[in-house]
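Consider the two complexes below, in which chain A is the common component and chain B and chain C are the respective partners.
Showing the complex of A and B:
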């Protein structure tokens, strides 16, 4: 249907539209008009993606000069594929309505692992190995060697692309990963490099967060994206953690041992080269003296090693004299590694600032800040000069060089923590050095500065006002949308006590209490008896899950549970978990019913949807606070308090509630779906927790359902499930939660939508 | 009953019944699934479905009723227990079923302890079924049910039934889980291949596999809201369903056995016909005794039966009596659906029951043939029970037309 969104003609590829989708478009359009950033929360299953795409494409068509490109960042490959499917639908609709081919090019980009079509390289299963092998076939020196000697293997697909692909741009259309591969096969061009090359002139680019947020990758891939772009971060509730992770480094003892090995390899290679081909080393030296950044850096295939700091921080100077020659640099690296090794030899936890670290390294091993800043770049240059084609072995050394560069570049917003052992196993010596980024705004700042509009959106962003604070930006629009429903298809409840009136809570003081554990068990058993098909339970941590399950076993609760449903447990092992998931789905499909016990913040809670019968109920046992004893977390809390005036408790609650909301949201994947959400902890009913739930959940959380006992909860479930099982057809939704064009344009509905937009 | 006293629950044992919520007015525009509204809607739907006259109905039905008798049937959310409530309603159902489908047959299975038990075989005698249902009341409910086992068993009973009959299974399923020995998808597939329609009534909540079975085999799946709704749902199964797929219209050979000895129809030699003989229905049971002269003889092979309708065990001929067929007649020529009208000013009262139309009643119904106006209740009554329009019947002209 064709919509009029505040004066903009929007083609919407479906015959019906949800009212909240229209409101979302209105808000988004306002943000685009203002050329500012925005923060939008809309429940999952309400067609966020298609709404975003149709509005932005329409905007691009109407204002081709103001808005040239859409960069859509998603988290996983399946999500990227979903976006591409929606985009394809939209473009088909445009074609049908306009009656001609659309001049819009949309494409997905993923890692080499997902795009490689080289017969043997693509068989590799690990991303790093694929990258390494690709590098060994396409690096410029390999190709130069091939030119001299045919026996040196190269990648035909890359050669094909290099020879022809650059002149002929990809014809307009929508290309997902498979389409790119197919196109690559047909033309015999490398799809990965084709996609990377095409990014510059594509209208719509869909890729993962890291291509924009991680300075190591962003520098290479996303450098040339123009300022007049709109950037969308979908599923962005964890965006601050992504930012932090991309700037943090973790160094273990084993890693350092591997570093020493790599250094030895480098050393021997250098001495070999000195005998055979000393010219090349000299050339490199000269280049470094002149301060020219390596001319070959323009060569796209040589991207394997890059600078970990943000572009604005990279020094445009010559490499300092102390590390210019290869031998000196090797000696320098050795000293750095040895120094870190000695630092790891600690008996108690050490926490210090980057400045303190720099002072210490200067007094102990006489290393200045400046050469340290160039470590990453110098190492990259060296490896290029040495023509080492297999990079996979050098990743530990690269990590250390990143650490060295980062620690000497940033003095604020980072901390160094050295722990001699893990808290859980204080007897086992396992020293780890964490170089931790405390400020999530550092990594995302260039994105906010560079692009005119950044859209941060997700199903669960509540409380909205926290994100502008921790990401340090000023949104022009900040809105949370609710879901209009023809029937109350979510049933959130807070269960605070068992049948014996003992309060249920995962508080530290009571979590070992058998009465609490038993009450949790009884709750699960009774819910399992009343709810059909699949039930997903979330615990606060793996440790807690294990203790609870073992005491349930002793109390006979597991046996009772298995009379109703099969039991599956998520573990830290990914393979085991996916096997459990497959069988869980099987058990739900054939009517046996199943319970999945998993962990908030785990793999299940983040990426897996339990739609329809796979998740008829979600139980949240306790509030998923992060492990508060962690020193990294405490350092971050302190930093947030000092820099952004965010109280520790506020942040902890915010973090816990957004994860709780994520877990709860797992069971709702659309308007025809329905699910029960049980929050089993007394503390959820407190105003500070409750008010931080997303608006679309809060709306259905009635006051009467905030302090229930187990049996009250089960009674409510039973009645509600019967109601939900009644036939529900599209006609019931029409006019309330699903609108035709006429209904949308009716005055009454327009008024409602206006009200909604103002109300928030 | 002695054990009924034991199972009788006290007020404080029963679930929370917030009766005031049923009449709650809805402010946020959500559809509160009001019981009354749902029932009315289901009624209209059913009437609408039946209305389209052209569909072929499977009048000759073979139906297996599978009753869940697992542990969860002892729950007391239906009074006195789910199991007793269901049995009671089934009695009504059996009665109604044979009333409306005289030439059909019915059998009853239960499932518990992961197994399936046969209670009655396919037969056309309602007394026997009702008796069996009454015996079932003393049965204990335990273990888990097995959908697959019971469906397989019913399928084995149905698959040899003649192709022109409608093969159906009705499952009353209280449990939320099923314990099956193998892949239930295979069972669903063979059910489909055998043209067996499975309808399921859930007593607790929507179970996906049930929905899938019903959808794939062309049956219906419903979940009750309360016992009234359950009755509504069970009785909706009384109406013969439209024939699924393409069963070709075929001529069915039927026998009309002679009635009482006094009414000799001359089909066979009368002295041999009425000599005392064993009834073939009861020949297997130990209590069988020589029958008197009463009974029905198969006109083809002369076997004696004590009741009709039945399929002759000897020669396979379907034996019915003429009144049985006549009673099924209205399925073949359902009355045309009445047209829904907004209140007509000149009609002040219902033609059928003479009730005055009040303001609250928004819609009235008009017969297209005789243009008489009736109220909603009468419309449903005519459709479901009477099967003939009082307006048309009382008008000599249309009454004539209809018989032609």
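Showing the complex of A and C:
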């Protein structure tokens, strides 16, 4: 249908629209008009992706000069594929309505592993190996060698792309990963480099977060994306952790040993080269003396090593004299690695600021800050000069060089923690150096600065006001949308006590209490008896899950449970978990019914949807707080408190509640779906926790359902399930939660939508 | 982790003898402590590996896994004591970098024993030529070091201050909560008022407190630095011209209600402006012409103003005036006193 959103003609590829989708468009349009950033929360299953795409595409068509490109960042490959499907639907609709080919090019980009079509390289399983082998076939010096000697293998697909691909841009259309591969096969061009080349002029790019947030990758891939783009981060409730991970480094003893090995390799290669071909080293040396930035860095295939974020004024400076020649640099690296080794030889935990580290490295091994800053850059240049084609062995050394560069660049917002052993196994010596980023705004800052509009959206972003604080930006729009429903299809309840009136809580003091564990068990058994099909349970940690299951076993609860449903458990092993999931789905599909025990923050809670009969009820046993004794977390909390005035407890509760909401949201994936959400912990009913749940859940959480016992909960469930089991057709929804164009345009509805927009 | 460290002479390993300590001398070859005592009983001897003459006094505990690094660091420290020119001592960065490389080459040569005669000559030459600068620089911290020191100092100061502040604030808050709760219970027990109203007032009071709290917490806030240490700007401030302030959030304040201002004329009230025409005041006033009317002026305005001025202050009592005058003089004398004392 064709909509009029605040004066903008929007083609929407479906015949019906949800009212909240329309409000979402209104808000999004405002943000685009204001050229500012925005933060939008809308429940999962209400068609966020379509809404975003159709509005932004319409805006691009209406204002081609103000908005040139859409960069859509998602988390996983399946999610990227889903976005591409929606986009294809939208473009088909445009074509049908306007009757001509649309001049819009949209494509997905993923790693080489997912895009490679080289007959042998694409067989590799591991991403790093594919990257390494691709590099060994396409690096500029390999190709130069091939020109001299035909025996040196190269990649025909890359050659094909290099010879012809650049002159012929991809014709307009929508390309997902498979389409790109097919097109590459047909033309015999490398799809990966074709895609990377095409991003520059594509209108819509869909890829993973890392291409934009990880400074090491962003530099190469996303450098040339213009300012007038809109960037969308979908499923962005964990965006701060992604930012932090992309800037943090973890160094173990094994990694350092590998570093020593690779340094020896470098050393021998240098001495070989000195004997055979000293010209090249001299050339590199001269370039470094002149302080010219590498001209070859622009060459797209040599991207394997890049510099982490450095201010440009530093990069323009010449490499300091201490590490200019190759041998000196090798000696320098040796000292750095040996120094870190000595630091790892600690008996107790050490926490240090980067400034303290720099001073110590200066006194111990006489290394100044400035050469340290150039380590990553210098190493990249050296490896390129030495023409080493197998890069996989050097990744430990690259990690250390990144660490050196980062530690000397940023003295604020980072901390160094050296732990001699893990907390769980204090007798096994396993020293690890964590260089941990505390400030999530550092990695995302360039994105906010560079692009005119950044949209952060997810099904669960509550409480909204925390994100601008921890990411340090000013949103122009910050809105949470609720779901309009024709029937109350979610039933959130807080169960605080068992039938024996013992309070249920996963508090540290009571979590080992058998009464609490038994009550949790009884709750699950009774819910399993009342609820049909699939039930998903979330625990606060793997450890807690295991202790509870073992004592349920002793108490006979497992037996009782198995009388009603089959039982599946998530483990830390990914393969095991996916097998359990497949069988869980099978059990639900054939009507046997099943219970899945899983962990908040685990794989199941993040990426897997339990729609319809796969998840009729979600039980959250306890509040999923993070492990608060972790030193990295403590350091981050302290930093947040000092820099952003966020209190420890506020952040911990925020983090716990967003994960709880994420778990609860698993069972609702659409308006025809229905599900029970049980929060089994006394503490959920407190105002500070309750108010942090997303609006669309809070709306249905009545005061009467906030302090229930097991029995009451089951009674309510039964009544509600009977109501939900009534036939429900589209006609019931029409006019309330599903609108035709006429209904949308009716005055009454417009008024309601206006009210909703202002109400938030 | 160092279990495989072995003494090259007696082949003891760290695994078999955890108390073993490896030592290194200027040549960069390791020996365990007991071997050192055995071989160098006289105070000097030859290194069992490279046969170069060594003194016992020069043995130090090996810090690094690779004894060659120990040796290098040793030499480096010695050389850098002499070669301590700073970037400020050179006219261009290029020359400074050349100098750094030269130093590096000297160290490299010494470590690997390349061309020792020439290298030593170079060192001696340098020593002679640059005596003054070397001396001067020894007592001077480099800019970089100073920066680091400063940062460390700031960190320390901040930490101790902050820790106390927040701990106290949190304790205070807990106490207050506790107090409030006890108060509520007391009231519920002893007062005769309706329980509902007591609870309601309690809720209000806590809400008011909660509103105050964030302000109090924000006050001791640090001055946020606008730059990272690397010189990159934090946040959007300054750099980005089209950044926007957030839309102010609507707070739940009571609605604004207009109340007419009350004037104290110190005299009889002047007639209201609407009635001036009726009371025939305009007779004495020049009527506004067309151009004046176009600008929104009416004769009523000036008439009303004249009346207010005429009547204002008619009942004015001088006593009040006297009081304020006295006050004024007092404060002025105080001022002058202050001036004198300072």
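By our rule, the second predicted complex is superposed on the first by the 755 of 760 C-alpha atoms of A that agree within 3 Å, B and C clash if a C-alpha of one lies under 4 Å from a C-alpha of the other, contacts with A are read in each partner's own complex, and residues count from 1 in each chain.
Just so it is clear, a residue touches a chain if its C-beta (ideal position, glycine included) is under 8 Å from a C-beta of that chain, and two chains touch if they have at least 3 such contacts.
Please read these numbers as outputs of a predicted model, since none were measured by experiment.
**Student:** Taking chain A as the common reference for superposition, should the pair chain B and chain C be classed as clashing or as fitting?
**Tutor:** In the superposition, chain B and chain C stay clear of each other.
**Student:** Check whether A:672 is in contact with chain B, with chain C, with both or with neither, and answer first, second, both or neither.
**Tutor:** A:672 sits against neither chain B nor chain C.
**Student:** Taking the superposition as given, does A:630 touch the first partner, chain B, the second, chain C, both, or neither?
**Tutor:** Neither partner.
**Student:** Once the shared chain is lined up, is A:468 touching chain B (first), chain C (second), both, or neither of them?
**Tutor:** So A:468 only meets chain C here.
**Student:** On the chain A superposition, what angle, as a multiple of 10 degrees, is formed at chain A by the C-alpha centres of chain B and chain C?
**Tutor:** 140
**Student:** Once the two complexes are aligned on chain A, which partner has more residues of chain A within touching range, chain B or chain C?
**Tutor:** Tallying touched residues of chain A, the top partner is C.
**Student:** Please work out whether A:732 is in contact with chain B alone, chain C alone, both, or neither, and reply first, second, both or neither.
**Tutor:** In the superposition, A:732 contacts chain B only.
**Student:** Does chain B (first) or chain C (second) touch A:641, or do both, or does neither?
**Tutor:** Only chain C is touched by A:641; chain B is not.
**Student:** Please work out whether A:564 is in contact with chain B alone, chain C alone, both, or neither, and reply first, second, both or neither.
**Tutor:** Touch partner of A:564: chain B, not chain C.
**Student:** Output check: A:487 vs chain B and chain C. Expected answer is one of first, second, both, neither. What do you get?
**Tutor:** In the superposed model, A:487 contacts chain B only, not chain C.
**Student:** What's the minimum Cα gap, in whole angstrom, linking chain B and chain C in the superposed view?
**Tutor:** 24
**Student:** If you look only at chain C, which of its residues touch chain A in the complex?
**Tutor:** 1-2, 63-66, 68-69, 72-73, 76-77, 80, 93-94, 96-105, 108, 111, 144-145, 148-149, 151-152, 155, 158, 162, 166, 217-218, 221-222, 224-225, 228-232, 234-236, 239-240, 242-247
**Student:** Taking the touch rule as given, give the residues of chain A at its contact with chain C in the complex, in rising order.
**Tutor:** 34-36, 253, 260, 289, 291, 309-311, 313-314, 317-322, 324-325, 327-328, 331, 334-335, 338-339, 341-342, 344-345, 353, 355-356, 358-359, 362, 364-366, 368-370, 409-413, 429, 431, 441-442, 445, 448-449, 452, 468, 472-478, 641-643, 645, 647
**Student:** Hey, which residues of chain B end up touching chain A in the complex?
**Tutor:** Residue positions touching the partner: 15-16, 29-31, 33, 38, 72, 77, 144, 147, 176-180, 183-185, 202, 204-210, 222-225.
**Student:** Going by the contact rule set out above, which residues of chain A touch chain B in the complex?
**Tutor:** Residues 485-488, 529-533, 563-565, 588-593, 612-613, 616, 712, 715, 718, 721-727, 732, 736.
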